[in-house]
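Got a structure for you, questions after.
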């Protein structure tokens, strides 16, 4: 419901409610609309900020290749736009990766950090999986079957088969849109050089890291590595859940985020 | 900071703050004081109610044997005393078992339920472990070594060795007090007949179940069984954590409890 | 090194060594050559039988669609050809699924059964993943990126990057062969209707089920389901290993298979 | 069925069968008789050597305190007695710890090594648990309840309740024998200083490490540490199994040991 200009690009964002600001960073195929079911709980005590990053949703598309660092710079510009010095950030998947870039580059701007289903390194394995996604992008149906099932747990996909079939009908036309898939390819490519393994130990923000038991894109060892490097870190596992944790276990996901971001204490003396 | 009489026994409880009431039920060796580090976060948005159950802390001791059901009746009486019709409950270990009894017997009195490190069945294995605890009770040091290390994860015990050594010095004199250990024996015995396996499916309350990865008293399969039987349930795992989850991972523990109890939504339309 | 005819099709198989017969059933993209490193250990005490099933390796290709049941009938014919009444079977992935069909249809022909990385049900999730594979089949590189990374654990793929790059060079030309990928599509389709969930409890054979911790095609819950239904079953987990367990952990894989198949006892009186 | 003298003490051992020698090292409360159900499978292809270490079974008891290193020296003497230069070793729990001492001190004497439910470090946590065991030793029943349930998984204990009750009847009289529990105390104390964390990377032997999912004495992180330090190592997890893995899952246990020890290959070229 608001726009600003970043490096000549029009950027779309929304704010809801009042309170300690909580910026939410989308996964690769998501946009502000994806958070509809979370707007009410996330804006009750917080000023919720939703953002379509470059090549996402209602923000402008890019022409050529870039890296995730530009998305971190975009967030820095958004803080200026909103006249905020420090924010809480929730990032999921691609959004968590951008959050890591931001926290490393602009450490003083991060209050609390929630990293869900995030890696700090695009390994050859993940890069080649992304390559498979990009090669399927010329056909909407192929892109659906290559990118969507794998982000859900088999059990969720089975038990919510009707919902998944509806999503299939919804997504295939979108995935058949050339401009959309070109954005997806650029976003995927922008993550392909991610390697913050040696940098994340610099992060000072109080951080919550969330893994899903059946995350087949960024499996738990990725988050365990992050946890092993951070200083002020809590770590939660969502059992029986796939990569798209916010869709599979929304009640637990929202409880973790809100409980952590709004918890007054940072350290208990055990 | 308050008292009332239940079945001729003096019962001690405390309330802190205002808001949706949150009753906290202690583990077997705990009492109101154990929650000191949590009073501030738990009372910021909620009316926190701490309670020493029968044979705990500053409440009266019992003379003979009883079952956990009497503790559930005690909670019912506390609600009358506080003129409350419905409360949120957090129970850990023994407290979670009492919470299950209460939720089954007084379903309309439970708003949200958080069950941490809880079983709904004292199996022969757990009963025999309790038997070992009771047989060590005649000697304070023996009781310490038999009951305390096992409730922590080996890693926490190692990394917080100084804190554990201080606890040892603090606890051994307490464990050498005959009246105290007699209470502990009665509490342990009151749990020995617990078997709500066929009843918990009746629970209607929105429930969060929490497991610890290295809980060696009530291991994750116990909580998975509960999750498999409940209708409105979320399930979180605390990695790298022992049975005494509130001490080992206080930030995550408090985030889960507060986030879940105060989360406005119960169901997201996925 | 031998051939026979089944339903008008030429079938290729090999036998190595002498002893209790051990039939090995390939995963979907494998053939007799894939077992080269295992021929020596597997044939030291056993008569090892390698088999290219229909549409695999040097056996004839099919023209139209079929189900996995025909592969089970092929095995029955192979037993006649070899004049064997009963055999031990090791099946991995697709081969394990065929082994399940065979064990259900011809229970008296199975001595011991080893099921590695196997499911008894192609769920909508797995079927849609297979659909993604089939849609990538028109391009050798796309087929590689879509089907190969996901069958390895990220850690193995990273630590054996040179070996993986060599495999890439080896496989892409093969995957660019129209006849080959047509076979792959038919094999994938033949598994798409697999549903033995209600039948596997009939299996009487002493069985070893093997899971890989990071199997993202047939994750551990698939094997746990099988274990929960079988009567005479042992269950092993290969930590830190992907779907292609025989390649990632050959020493453990071979030890499990040989130890189980040649272990004289079936029941210890505990 | 044979004896020899080591440092003035009479040592009991047994050999069964012919073939590559396999020495089995007992857990703390075990003795040669404990392996009765395994004698037949373990001696079919191997020369099985069972050994009562100092303070175990039919070997002499010690008078004062000692460390596990003396047990390693005892094994060295046994090799001389048997005129063997190199052996395969299977050690479980205490036996695995002695095997580690032996492999570090006498590296050229170890062929293959199987370490089941083993730690290389008695942490403060494990030391304090041992302290609890020792303090319960004055009463046979207390010793049973303190030491036995915890070494089984809750599920096994429940499903084999009759067998456990029989064991209780069998063990309590033994645990009431002063000489026996004095031995147990000395054995427990001999392990209390174990710390080979900096030494195990020297081990060159091809090694199999086995964890149990519900091992509450030496949980899987202990074995993962060992695996992370060894060069030639395979790692297997026994799901749904407690510390006493040989009793809970004998078929899988024997298959792992035999498959690994007799597997001809040490390295497959992946």
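Per-chain numbering from 1; labels A, B, C and D assigned in written order.
Everything below uses one rule, namely that a contact is a pair of C-beta atoms (placed from the backbone, for glycine too) under 8 Å apart; a residue touches a chain by one contact, two chains touch by 3 or more.
Just so we're on the same page, UniProt names per chain: A, B, C, D = Pimeloyl-ACP methyl ester carboxylesterase.
Just so it is clear, the model here is predicted, and its values are computed rather than measured.
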item: Turn needed to bring chain B onto chain C - CA fit, degrees, nearest 5; value: 180
item: Furthest chain, CA centroid comparison against chain A; value: D
item: Intercentroid distance (Cα basis), chain C paired with chain B, Å; value: 48
item: Distance from chain D to chain B - Cα centre to Cα centre, in angstrom; value: 37
item: Contacts with two or more other chains, residues of chain D listed in rising order; value: none
item: Those chain pairs that satisfy the touch definition; value: A-B, A-C, B-D, C-D
item: Sites on chain A touched by chain B in the complex; value: 37-38, 40-41, 44, 160, 163, 206, 208, 211, 213, 224, 234-240, 247-252, 254-260, 262-270
item: Parts of chain D lying in touch with chain B, wherever the complex brings them together; value: 123-126, 128-129, 131-132, 135-136, 139, 141-142, 144-146, 148-150, 152-155, 157-158, 161, 164, 214, 216, 219, 221-222
